[in-house]
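The data blocks that follow each hold one structure.
Look for subunit A in each of the two complexes below; its partner is subunit B in the first and subunit C in the second.
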Partner chain A sequence: MSDKIKERSKALYTQEKLNRKFSLLRTSLAIAIGVLLSIIIILVVSDDPAASIKFLVIGPILNYNNFCGLLTMWIPIVITGLAVCIMFSANQFNLFGEGAFFFGGVVATMVALSTNMITGIHAVICIIAAAIVCGLIGVIPAVMKYKLGASEMVGSMLLNYACMNLGLFIISYFFRDPSAGTVVSEKIPKTAKIPTLLPHSDVHMGIIVAVVLVILAYIFMYHTRWGYEIRLVGQNEKFAKYAGVNIGFVLIGSQIIGGALSGAAGAMEVLGSYSRFSWTTLTGHGWDGVTLGILANRNPKYIPLAALFLAYLRKGADLMSMKTGMQTDFISVIQAVILVFLLAEQFLSKYKQKKTDELSKYLEIAEKGGATIG
Partner chain B sequence: MDEILKVEHVVKIYGNGVMANKDINFTANKGEIHAICGENGAGKSTLMKMLYGIEQPSEGSIYVKGRKVELTSSAKAIENSIGMVHQHFMLVPSLTVAENVVLGVEPKKGIKFDKKEAIRMTDEIAEKYNLPVPANEKVEDISVGMKQRVEIIKALLKGAEILILDEPTTVLTPQETEELFTELRHLRDEGHTILFISHKLYEVKKLCDKVSIMRNGKMLVTMDISEVSEADISRLMVGRDVVEEITKEKANPKGVVLEAKNISCMNYLGRKMLDQVSFKVRSGEILGMAGVEGNGQHEILEAIAGMQTVTSGTIQLEQKDITNQSIKNIRSYGVSHIPEDRMINGSAKNLSIMNNLLAGRQNSATFTNKILLKTGKIRETAQELIKEYKVKCSSENQEIGMLSGGNIQKVVVAREFDANPKLILVDQPSRGIDIGAATFIRERLIQLRDEGKAILLNSADLNEVLELSDSLMVFYGGQIVAYFEDTSVLTEEELGLYMLGLKKQSMEEIEERMNER
Partner chain C sequence: MDNVINSIFSVSFMFSVLRLTTPILLATLSSVISERAGIGNITMEGTMLISAFVGVVVSAYTGSAWIGFIAAVIIGGATGYLMSYIIFKLKVNDILAGIAINLLGSGGTVFVLYALTGVRGISTALSSKIMPVINIPIIKDIPIIGEVISGQNIITYMAFIAAFVIWYLLFKSRLGLRIRAVGENPDAAKSVGISVYKTKSIALIIAGVLSGMGGAYMSMGYVSWFAKNITAGRGWIGIAAAAMGGQHPIWGMLSAVLFGIADSVANALSTINLPSQLVLMIPYIVTLIAMCVYAYYQKRKKVRIHG
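Right after this comes the complex of A and B.
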């Protein structure tokens, strides 16, 4: 009797389920390998491995302060991650997130310093301005790809550096605080700051915006015709064209959204966590977005979790370095290792084919058995 | 006779879990033409791909001349004297015939390519096997039949003793097919072994010495061709008696739905693909198109659908000008399109059946509100269509790429038919699908005709065009060279003469016949 039930449940075990289970296994294994590797590095390098590992693994949730630090890190990368999800869904490997994040911060600073408005409205205007400007700049690689066939990946990478230098120029020539020793802008007025949400911490209202954006992005991608068209173009451009989708509109539109989201994230970061604009180089938030987009398999739904993982790793590493003096550079190595395992198609493919073969044979026999009975 | 090829207990499971070959045992002898028959999806191509080193078996072994071989690449297959002529030719159009033939084994004079030697090598093989080819002409300028011959020479030059031909006659006219058969018989008499994949049974019966039959991934039997009739083969292939005849009343056409006037267009190389083509399609009729591939039938469908720019002329749908409008607009006016290649234009293999069924209708008020898609309605429609079109799948959420060719085609067809079109453009409706699905789709087309749709049909399967069409146009060189208002009196042979450009009706005659109705 129980055998029969077992048989049944096994027969319901389809190839799709195998695929799903397998991609989960792949992701977890990639992450596990990354984490294991970091622990090994710590054991080899650290003077006090026990303390180091402790801070890396449970540091971020050890106390309120650390936890708030974790959340602060989580906010911007969730948004850049969403940006990447949307662009990658259209099969556009646009890496402009990095430059847009930086330039969004610049635009927000410019607007904050050159206008006067009441609290609340001021910050919102700054963020919207950053989104619009970065969205429009995002058009450049998109149009170059669509009209000239130039790789959007190369175009957007170059654009990152152009945006960084232009931004630094603007800040140092027009908004620099001459009394400060280094190149930083004047203090951002109180009216333009994003209010903090949790007391005694840097966690600002942006976290609510991030959560709302996740929900909106998911609805947009999976429950509106525009999101559907983006996915259609990403899966098979020729089919999308045949189905009447305006390809140029989708390609350019998705990259405008991507640029705008990244720009808004940069603006929120500056207005929420800094008193003045003080970046001197690209911040890495855009690259993190790419990592997250891949970890989440381009689905906005999984971005918060993926971002939590990355922020946790970062925060843990920060704490570890602070408490034990262990260098944190190796975290980027870990990140790269995880990505490589996720992107390498051959990783576990032999094992998967073996499982596929087994399942296929099992189903074959089950069918035969069923046929003789029926 | 000597056994040259032996396949033992071969199993092939693809990455998506499809077991395409189940414990195959099979042998072929030296100097025979051996047919492999089976419905689409039976696993013939899979077996051939393993023999040619494109796919590797999951289990089992392959022997050539009694020696066990590991065919891990097509280079390995060639080393072991196995050659293949693909359905879609692997030739470089801008190179000459001789250059194509020696590709991969180029003769050198010093470090330079030796053109003279290449031509000599080509001519030598051509003469030896009685396969004349124009060694100096560019491949893009020669006919389809000639291209195929070039492919055969290419394989022979590399020492192929076992030659695999994957549905070689689908692209040929009846006359070219005849020629090919003569050539193949000659090769057999020279001691070559030919594996001939086809589901045109009368060809198999006429040409081959032996026949092996596959069904559902299994090799059923191998028999001498003299032992079996066409009916026997088809019964073994399908596993039941096949009633292929579809019944159809005489058409009762009404008003003109589509009118094309003097349409011309070019391909991306600037070559003229359509030259002043004019015709009308009326409601309640199926207008068929015949012609060798690349003569304009496919292009006219793409032009009407908005996928190909028209350089001159006008296309009118119920008197509304739709020339060069966006695909979206053309669709919204009531044009449906079953594309030539379901995997390239007709579906996205990683999206669910439900998402594939929505394509082209994502803007219609039935499926979307101002902002949100009506997910419930979309799912409901998908479930209904799956049931109505008998699509074999686990649910509407299954990725379409996991279905068999016939079921994918049913999804495409369901989507296009369900859009309530006035005009249906049909390009190769049953290419590469099983008989059951093909019959289903054909019957549907006739039903839609009887409901008053206008249907424009292109098919390389002459049987199919003749069977379905009420009237028929023949294309040659981008022009309409013949028009028949009644297809019931036409034979394939006569059609072949027009398709090859050997016979032609005058422009006046065509126009008169078209307007007579």
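Right after this comes the complex of A and C.
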């Protein structure tokens, strides 16, 4: 009897292993297709394809400066990626990350310019203020969905545009530097800047915060009760309800965390990499977060790697556009293609079926013969 | 303030309501037909961008507004088909597929524009055409009404006619019955021999065509160029309008007009010294509030029925 249970648990284990192997294969293939497509686009469009491809593929690791640029791009998208992980895990397609990132930058600029504090604390206060404000705004679509049943996705998109305009209003009417030619804020005081970490680069202390947040988010999602409840609600809301989970708390809470993280990411970006607030439109970091959340299969553990990939692609594209004049926006096309292949259940499903069949046959033989599975 | 009130009750204000309603209405109808077929389709924003772009490019290269418009509509339908392929053949969740298509629309258009013209973000380098304005005989001579209704862009008339066509299609035609059947109960539809995949694909293609018309209007009627993110969230406002209209084409049309009014009020307010950014917020905030109010009444209605 106990042997049979052992057998079965082993079989389960192997099936799980197969699934994991399969999802790894699918992810790598989706990425490979994306990279291949980028190369094809470059070959078609670029005047100097060899140089373009060179900069895209090895540009970010060509020298110290480029590598630092890569890390600087990595910081904000890791955090927006985590935000999306948490919100999408609860099955809430809240797309407020985009607006929260922008508005977080605005709030940080406001606080930085209107208060005086000592170095260090000043920046921390700015970031916390941004997180609180954006977390609270993130409540709006969450409550709309939970209390009224209105689509959180449509609500959050409308909120993005509203927040963008509100932010531009605040900057241009209260914090604008009149001596500057374009609409930018006054210079952010030195005390509020996030200190740089690596010499002669833009890589700021935010990178440490990002790493810590990844660890915290992972522990939160997989080793705490709240994280478990978020995932449970995401997988089966009815079941979670009967199991006694406070659905409203989980749904709204996850979106507060999402908004707050995105806002903090925007604040850190402005205080770490800019001397003034100079955004004139939404930045796309929220959408990157969505790509990463899906790429990482909603697991915070994989966000750093996924973000490294996307930042690498972006930095490579940036270098390429600087050196050879190739436009960088095609990265969104690549993002879209990668997403589709990643999410396509049908993609490689025949191969998976074949492997599963082989496995089950093998297990059958093993059970009949009483042989142990290695 | 008097100025504002005067400008709101003016003929040109009513005229601009119809003008601003057009893209929202087409997105609304696109959402209505998708929802009726049981698909969570959020690709309006991306499809409109792609079509707006293709319309401008094709009309510039062929020198004909009509060929540009037809190309925009065809590419809209093709995007609808792409969506159906992704969600039914590749089996991707419809919302996530929509996110991917919207990404494709926002980044892809800017990229191809640059590859074609070498200019970032705006198509002024292309001498594209705009769709004709129609002066309706007889009606144009009626005071006030004539001034409001006549002299609009031809796509505006198409949009309002489309609302009735979609109503007829959904509620009076065989295809509409099938679309509603697969939307409400795909298994039952299948059991009486309706191909669920085919029907849903047709619905998505029609939705794409409608969004495509909306996109063409943005770049070949509302303005005469393509710019990065030219739709500015109108696709999303359309989705909200469709929800408020209870996924009914005619009620959806009325909600779209409501958002058209909000847009026009914003335009009228920008003539006085209000900050433009605050004025630009109005349509989104109005839509958000309207969504909440509508959802609240829907919920109360449900409670009354069940309890």
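Throughout what follows, the second predicted complex is superposed on the first by the 357 of 374 C-alpha atoms of A that agree within 3 Å, B and C clash if a C-alpha of one lies under 4 Å from a C-alpha of the other, contacts with A are read in each partner's own complex, and residues count from 1 in each chain.
The working rule: contacts are C-beta pairs under 8 Å (C-beta built on N, C-alpha and C of every residue); 3 or more make two chains touch, one makes a residue touch a chain.
Since we're looking at a predicted model, the values are computed, not measured.
**Q** Once the shared chain is lined up, is A:243 touching subunit B (first), subunit C (second), both, or neither of them?
**A** first
**Q** When the two structures are overlaid on chain A, which partner does A:166 contact: first (subunit B), second (subunit C), both, or neither?
**A** It touches subunit C, and subunit B stays clear.
**Q** Examine A:179 and indicate which partner it touches, taking first as subunit B and second as subunit C; both and neither are also allowed.
**A** A:179 sits against neither subunit B nor subunit C.
**Q** Report for A:333: first if it touches subunit B alone, second if subunit C alone, otherwise both or neither.
**A** Only subunit C is touched by A:333; subunit B is not.
**Q** Which partner does A:116 contact after superposing on A: first (subunit B), second (subunit C), both, neither?
**A** In the superposed model, A:116 contacts neither subunit B nor subunit C.
**Q** After superposing on the shared chain, does subunit C or subunit B touch more subunit A residues?
**A** Between subunit B and subunit C, C touches the greater number of residues in subunit A.
**Q** Of the partners subunit B and subunit C, which touch A:231 in the superposed model: first, second, both, neither?
**A** In the superposition, A:231 contacts subunit B only.
**Q** State whether A:347 touches subunit B only (first), subunit C only (second), both chains, or neither.
**A** After superposition on chain A, A:347 lies in contact with subunit C alone.
**Q** For subunit A, which residues belong to both interfaces, subunit B and subunit C?
**A** none
**Q** Could you pull out which subunit C residues touch subunit A in their complex?
**A** Per the stated touch rule, the residues are 42, 86, 89-93, 95-97, 99-101, 103-104, 106-108, 110-111, 114-115, 120, 229, 232-233, 236-237, 239-240, 243, 275, 277-278, 280-281, 284-285, 287-288, 291-292, 294-296, 298-299.
**Q** Contact residues on subunit A for subunit C in the complex?
**A** Interface residues on subunit A, with respect to subunit C: 45, 93, 95, 140, 144, 148-151, 153-155, 157-162, 165-166, 168-169, 172-173, 281, 287, 290-291, 294, 327, 329-333, 335-337, 339-340, 343-347.
**Q** Quick check: in the complex, which residue numbers of subunit B touch subunit A?
**A** Residues in contact with subunit A: 13, 15-19, 22, 58, 305, 307, 326-328, 330-332, 337, 339, 344-351, 355, 358-360, 362-363, 368, 371-373, 375, 394, 398-399, 402.
**Q** Mind pulling up the subunit A residues that touch subunit B in the complex?
**A** So the residues of subunit A touching subunit B come out as 14-16, 18, 219, 223-225, 228-229, 231-232, 235-236, 238-246, 352-353, 356-357, 359-361, 363-364.
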